[in-house]
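Structures incoming, each one as structure tokens.
Here chain A shows up in two complexes: once beside chain B, once beside chain C.
Here is the complex of A and B:
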């Protein structure tokens, strides 16, 4: 009788490939998944840009300062996108999982998992962009307080980055020091 | 970590060979620069500063005022430590501009510095509040939140260390890949003897990843250390 359990059939089909091919395919998926985190910085920086336009229109005199704060804040909001790019590039160009010994499916799933974990970068990206937008808005209103606004904004953005950093730790652990392979 | 991890520079020929990574060597160079700067800057101090002394006084004053602004008037005695930390991190993060590996792109460096902050947080917290008041802080606002408070305290050095490490190693990897790509691009159009792409293109990347990110991350590390310590003390 034909096996009608499609999950089993899929897994059997998957196992019909070469071990290295499976790991490389999973790395490709992981590299793509990691870049989904780009949603975060996109939304956040868009918000900051909008707030910058608003600040300049309200108070053109402080436009230059508001633009500076917007650019600084947006550059920090870019961090999670860059961290995802790093994980993606490691998966593409310096993949440490290719030479790992152990069950192919676990190694392949680790590559996908490393990419998946970087999606957490959406959160810090949006949050930092929001902080950048608020900073820009307030510098537009009160340009004299620029330095203390920037300082508070940077500190808050650094704390908002924390979960994205944890995601990167997990991605790096999955790739370079995977404890799951030793459990087999 | 193989691939992007620190390379072993040489081995100390004692105790059967202690491997010395390039992180350690670069840290030694930075330490030598800072010590030489400190010795030269404080050699002959005059009542009316001029030249080099002016620069030194400006640095010291701005670091002092940053500490007072962030931690409060009564915690000025943190200024020497925080100032040293800031200068060290600044040099270490800008080390990539010389084409060398930043010491802060090594988890051991950043974790060491974060552990120093962690010890300072709890030592000075216990010292200023007394052991009883310090321990009571873990059972606030409600006693059963004790495990959550402990987890929160333990995550402070981890996030502090990995924030700096992640940013620096990310920049290091991207710059490394960029140079590799540009080299193959030059070779492709037959210009391997004259690396035209490597000369100009990376400047903008160095600007963001080394200059902006490096200065910002050293500032953030020092500021967060100051905020955490003064929060625990008040």
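Here is the complex of A and C:
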């Protein structure tokens, strides 16, 4: 029976490695997972650029205004990508978990968890890009309302960023002030 | 000067002001402020160049058919993302650059955009909480 319990066998196999090696391997997985968040701003900015092209083709006179809105909106949409990049590079080059004492499996899981939490960055990236695209589209249609549209767009983008910041806080807590290690 | 360039200039001035403030705070409160200031300068310089690159990309993208513009903007984003990665990597590796300063410099432009375009009208926020009849 024991031989067929693959999870136990896997965990036993995992524990046969050196403690530091397990944490470093988990950090590598975490760093890779964090980078998945880079998809969000890419899709969002692409959407905004597509909408910008549409807006300019409908109304070429409002092209400069549409570009201004798109530029500012796309710049804000990039934020979650930068945050995930920071977490990923910290896991790779300034890993604080290597020197943490406590059960190796908890520390390793924390490294993976820190990377996993940053995947949430996809949401704000796509959402902010969507808002930038819609803002650009509407400025193209109604250039006179630029200031109101821009303000509403940024209000939406600022709110959309919140979940990305929450994700980063959880990642930082898991790396620098992990409460789980103290519970053992 | 057209509106897009004016906006860029405004963002540049405000970003420099905000980062100047970061540097002053660092000089007053930190034990080793020079590394932080170097980080802020490094991050801000890259952030402004990144913003300019974004403008050049989008300026080109708006003259393309929408599907092509999407693909072009996304591919350019990946290029900028890679450069951002290199900047953060250098700050993590170099002892004379504080990573927190670099991150502050990188994110400051987004704060400046939100401050100058969102939090610039009290009336807008008052109207949100007013009833329709009061407006």
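Just so we're on the same page, the second predicted complex is superposed on the first by the 182 of 184 C-alpha atoms of A that agree within 3 Å, B and C clash if a C-alpha of one lies under 4 Å from a C-alpha of the other, contacts with A are read in each partner's own complex, and residues count from 1 in each chain.
Assume contacts are C-beta pairs under 8 Å (C-beta built on N, C-alpha and C of every residue); 3 or more make two chains touch, one makes a residue touch a chain.
Because the structure is a prediction, the values reported are computed rather than measured.
K.L.:
In the superposed model built on chain A, check whether chain B and chain C fit or clash.
P.N.:
clash
K.L.:
Please indicate which partner A:115 is in contact with in the superposed arrangement: first for chain B, second for chain C, both, or neither.
P.N.:
It touches nothing on chain B or chain C.
K.L.:
Could you say whether A:154 touches chain B, chain C, both of them, or neither, answering first, second, both or neither?
P.N.:
both
K.L.:
Now for A:135: first (chain B), second (chain C), both, or neither, which partner does it touch?
P.N.:
neither
K.L.:
Once the shared chain is lined up, is A:43 touching chain B (first), chain C (second), both, or neither of them?
P.N.:
Only chain C; A:43 stays clear of chain B.
K.L.:
Which holds for A:85: it touches chain B only (first), chain C only (second), both, or neither?
P.N.:
Both partners, chain B and chain C.
K.L.:
Would you check which partner chain A:30 touches, where first means chain B only, second means chain C only, and both and neither mean what they say?
P.N.:
A:30: touches no partner chain.
K.L.:
On chain A, which partner's contacts cover more residues, chain B's or chain C's?
P.N.:
When the residues of chain A touched by each partner are counted, C comes out ahead.
K.L.:
Can A:124 be said to touch chain B (first), chain C (second), both, or neither?
P.N.:
neither
K.L.:
After superposition on the shared chain, which partner residues are touched by A:169: those of chain B (first), chain C (second), both, or neither?
P.N.:
The answer is first: A:169 touches chain B but not chain C.
K.L.:
With both complexes overlaid on chain A, does A:64 touch chain B (first), chain C (second), both or neither?
P.N.:
second
K.L.:
Among 78-86, 96-104, 114-122 or 186-194, which stretch of chain B shows C-alpha clashes with chain C in the combined arrangement?
P.N.:
Once both complexes are placed on chain A, chain B clashes with chain C in 96-104.
K.L.:
So which bits of chain A does chain B touch that chain C touches too?
P.N.:
75-76, 79, 82, 85-86, 89-90, 93-94, 151, 154-155, 158
K.L.:
Write out the stretch or stretches of chain B touching chain A in their complex.
P.N.:
1-4, 155, 159, 162-163, 166-167, 169-171, 173-174, 177, 208, 212, 216, 219-220, 223-224, 227
K.L.:
Which part of chain A faces chain B closely enough to touch in the complex?
P.N.:
75-76, 79, 82-83, 85-86, 89-90, 93-94, 96, 151, 154-155, 158-159, 161-162, 165-166, 168-169, 172, 176-177
K.L.:
Considering the complex alone, what residue numbers of chain C touch chain A?
P.N.:
Listed in rising order, the residues are 2-4, 7-8, 50-51, 54-55, 57-59, 61-74, 77-78, 80-81, 84-85, 88-89, 92-93, 99, 103, 106-107, 109-110, 113-114, 117-118, 120-121, 124.
K.L.:
Considering the complex alone, what residue numbers of chain A touch chain C?
P.N.:
Touch list, chain A to chain C: 38, 41-43, 45-57, 63-68, 70-72, 74-76, 78-79, 81-82, 85-86, 89-90, 93-94, 148, 150-151, 154-155, 157-158.
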